[in-house]
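Both complexes below contain subunit A, partnered by subunit B and then by subunit C.
Coming up: the complex of A and B.
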């Protein structure tokens, strides 16, 4: 029963969410996050589970999306057998699987840098093809569809956004469960073994090449499901969806979320897409922040956000009260960090405002305060906050680290309770 | 007598350098056979040729009656030959338990299965428990293998190698870098896991070699200069001159 709890909890959250956030914006946002979670988990089957760094996994996401759009249009024109929209994602998955098997056969022959370069090559190639083969992909405009092709069970038409949300939520839960179970199969375990030590695997009877191929194909299957859900949700697919940019975005999501734990990609996809869709309207510097965040994760906590959580797992497993002494040093450190980050953001926003000739706004508002980037005062204030915060970060970090060390040591000496 | 491994005229060159210069060797079924020789004699290279890490430049290798000369490592392993490594070669981020499980999986016929859960495979888990207890790591089964002490990692290395139940076991310096008491434990472990099987062992510690081996081969500069029982090797003039005389214990 304990093992089922997170899944039941997840299902309840997914069902309840649209009743809490019911605006159209929130619904589309949550739908998009749901399908990106599937994509990110699929990507982590390669990166976190199988040790394959791909720069072109959007190919399987995007091609499935294109296919889905065409298929929906063909259904509308009655040229292909009818498939209910509820099951269309499965078709997208099969498209992903097909291309995964095909391209994976070539790209997974080698691991490491070679694999990464080949994935980049295929990513660029497919993007170029979508722009050249106008008859199929319609160039830069992409293709669109109408997802309402008929009435399904219980009168569902997938016209209203809420119905699409539940379609995506259902597939998201199903795929997450499937990918979680996959990590616990002989395939999943040997995939981890190939990640850790591909050489050794060959001497316990396995072809590491074969395992990589299998992992790649299965991952492409789930990426395809995500792509089909994208097509149904947005009703449009363009070259952006197969491009290296999209591949990079999923890499960022998975890495910032944490590759080592199963929930990492879920956290990463949720956080990054939420930030992206809320911040792009507010700041022009979003991409810069994303890059800084990525670099910070790589340099300071390569385990990602999920890694920060799991490093406390041995402590609360023993007893939750052992976390109490962490509270004050952590709060101090976090306050210092937030201050320095806010200071830096202020400076960056003013820089952007001054250098951007495109800006149509005449005044800059930062944190609700009108800040004139052409006068000295805000520059001095934000520099002061950033520098003071930076010093405070350096000052408070050692005590936060030592608090963690003490808690871990205590957890080791105490018996499990 | 039936032979488990037969090497005939095996040669291996890397570029212009010939490392293995025509090795003929016969390992009998069920014996414990040690290969000794000075550093750089080509012992590890010989292992790499037998286990399929890379193919020989010339000559032939047979595992029982099967020609394995140009087979890949995993194919040779499936035919019943396993090996350990001189430098510890484990799955560092996985738990000790999963390391051993991986060693068992293929041999138990679970191969690439993605439709069954490892937790539910009774044959797999029974065998894993057996191996873990045998190598003395049952109490540390949930630790990431990378966090084990050196001696424990060496034991795990052995565990992974023998987990599949292969008939022919090649060990590459299993006691290298161990303390005296650790060596004693390792030797008794090796004795247990090689019970009823064919064991080939490369080893520098002469105590271990003379303790374990039924027969010994001496490899010097890519050639076998002598093969015989421990007492024959000890009294061989050629070996004295080429190897034991030059500062070895």
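Coming up: the complex of A and C.
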């Protein structure tokens, strides 16, 4: 029962969410996050569980999207057998699987940097082809469709966004469960082993190349499902969806979320897409913040956000009250960090404002205060906050670290319970 | 024939520019095992710095100063960014440079804006050096060729005949052994990284005004430079040169001689599909596939000969 609890809880949350946030923006946002979770989890089958760094996984996401849109249009023109929209994602998954098997065969012969290079090569190749083969991909405009192709069970037409949300939520839950169960199979375990030590895997009688190929194909299958869901949700697909930018985005999501734990990609996809969709309207510097965040994760906490949580697992497993002494040093450190980040953001925003010569806005508002980037005062204030925050970070970090060390040492000496 | 020579000239020029980038990258990669994803970003920084310096002073000052600054930035990033990541392994290092490429692109946009900056060819070199059989060979393009060949020769001499070159070559083939002989390997890494970035900076200074100085220039050229070093073989400067020339010439010829697949299909006596979904396959011209060619070569090379043309070890 304890094992089932997170899944039942997750299902209840997915069902309840649209009743809490019912605006159109929130619905589209949640739908998009749902399919990106599938994509991110699929990507982590490669990066986290199989040890394969891909710079071109959007290929399977995007090609499945193109196929889905064409298929929906063909259904409309009655040229292909009818498939209900509910099951269309499965078709997208099969498209992903097909290309995954095909391209995976040549690219998974080697792991590591070679694999990363080949994936980049295929990513660039497919992106370039979408601009050449206009009849299929329609160049930079992309192709579109109408997802309402007929009435399905219980009168669902997938016209209203709420119905699409539940479609995506259902597929998201199903795929998450499937991918989680996959990690528990012997295949999942041997895939971890191939990541850690391919030579030993060969010695116990497996072909590490075959395992990588299988992992790659399955990952492409789930990426294809996500791509089809994207196509149904947006009703449009363009070359951006197969491009290296999209591949980079999913890499950022997975890595910032944390590759070592199963929930990492879920956290990463939710957080990053939420930030992206809310911040792109507010700031021009979103990609810069994303890049800095990514670099910071690599340098300072390679376990990602999920890694920060699992760091404390051995402590609360023993007793939750052991976390109490962490509260004050953590709060101090976090406050210092937030202050310095806010100061830096203020500086960056003013720099951006000054450099964008085409900007139509005449005044810059940072944190609700009108700041004139051409006068000295805001520069001094933000620099002061950033520098003081930076010093405070350096000063509060050791006590936060030692608090964690003490807590983990205590947890080891106490019995469980 | 005249047009062929002109296309070859442009191909060689483009190839030499690629080589300037690839030489630094292959040195860094073979020595440190780090595939520097941000290498083309340093190329871009070179172009932007050169623009800024030539606004204030002149092109010649930019040619000297900009690469030095780029090299310093590169060494700084190696020292305070890459070195701490080293313990997490090569994949983390690759990811780090991938992130750095994003950050540099955004910083460039933050400082110089999203539109291209007017980094022009210096007035003294804007004319044609000579006109041969109907084609203008501009002074600046010949100058670019001279600079890149000079750097190739200097680099070759440095690596072959000097003590520093000896240590670098030794560190490429066996870093641990060199460390046991008392050389400070992290410091050699740092300066090699900075030096490689400075070479990319030179390419940016001389190439930025021809290719266009804009925030997207790094992302357009970056992956192609990877292709060059993989095809040439890791750690092989000669291989990088040959591969850079091959890719430069092939892509330029493909654009120059715009042959279509359709004519081939007709020559084979087949009928052309003009209406169906696959009609574009018969309409593809070599100019259209030119951007794909390097990646096709990369994939084929990695599948059939992962060591590259002159490489001595696998990627």
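A few points about this structure:
Just so we're on the same page, the second predicted complex is superposed on the first by the 417 of 417 C-alpha atoms of A that agree within 3 Å, B and C clash if a C-alpha of one lies under 4 Å from a C-alpha of the other, contacts with A are read in each partner's own complex, and residues count from 1 in each chain.
Criterion: contacts are C-beta pairs under 8 Å (C-beta built on N, C-alpha and C of every residue); 3 or more make two chains touch, one makes a residue touch a chain.
Note that the coordinates shown come from a computational prediction; the quantities given were computed from them, not determined experimentally.
Contact with subunit B, but none with subunit C, is seen for A:188 once the two complexes are overlaid on the shared chain. Touch criterion met: A:290 reaches subunit C, while subunit B stays clear of it. Looking at the shared chain after the overlay, A:109 reaches subunit C, while subunit B stays out of its contact range. In the superposition on chain A, contact of A:298 is made with subunit C only, not with subunit B.
In the superposed model, A:211 makes contact with subunit B only, not with subunit C.
Once the two complexes are overlaid on the shared chain, A:355 sits against subunit C while remaining clear of subunit B. Touching more residues of subunit A than its counterpart among subunit B and subunit C is C. Within the superposed three-chain model, A:202 lies in touch with subunit B and out of touch with subunit C [touch as defined at top].
When both complexes are aligned on chain A by C-alpha atoms, no subunit A residue touches subunit B in the first and subunit C in the second.
Put simply, subunit A touches subunit B in their complex at residues 181-182, 184-190, 192-193, 195-197, 199-207, 210-211, 214, 218, 260.
Across the complex, subunit A is touched by residues 51-53, 72-74, 77-78, 82-83, 85, 89-94, 98, 101-103, 105-107, 110-119, 121, 160-161, 163-164 of subunit B. Against subunit C, in their complex, subunit A makes its touches with residues 51, 53, 55, 106-107, 109-110, 112-114, 116-118, 120-122, 124-125, 128-129, 132-136, 244, 248, 251, 255, 285, 287-288, 290-292, 294-295, 298-299, 302, 348, 351-352, 355-358. Residues of subunit C that touch subunit A in their complex: 35, 81, 84-85, 88, 90-92, 94-96, 98-100, 102-103, 105-107, 109-115, 223, 226-227, 230, 276-281, 284, 288-289, 291-292, 295-296, 298-299, 302-303, 306, 314-315.
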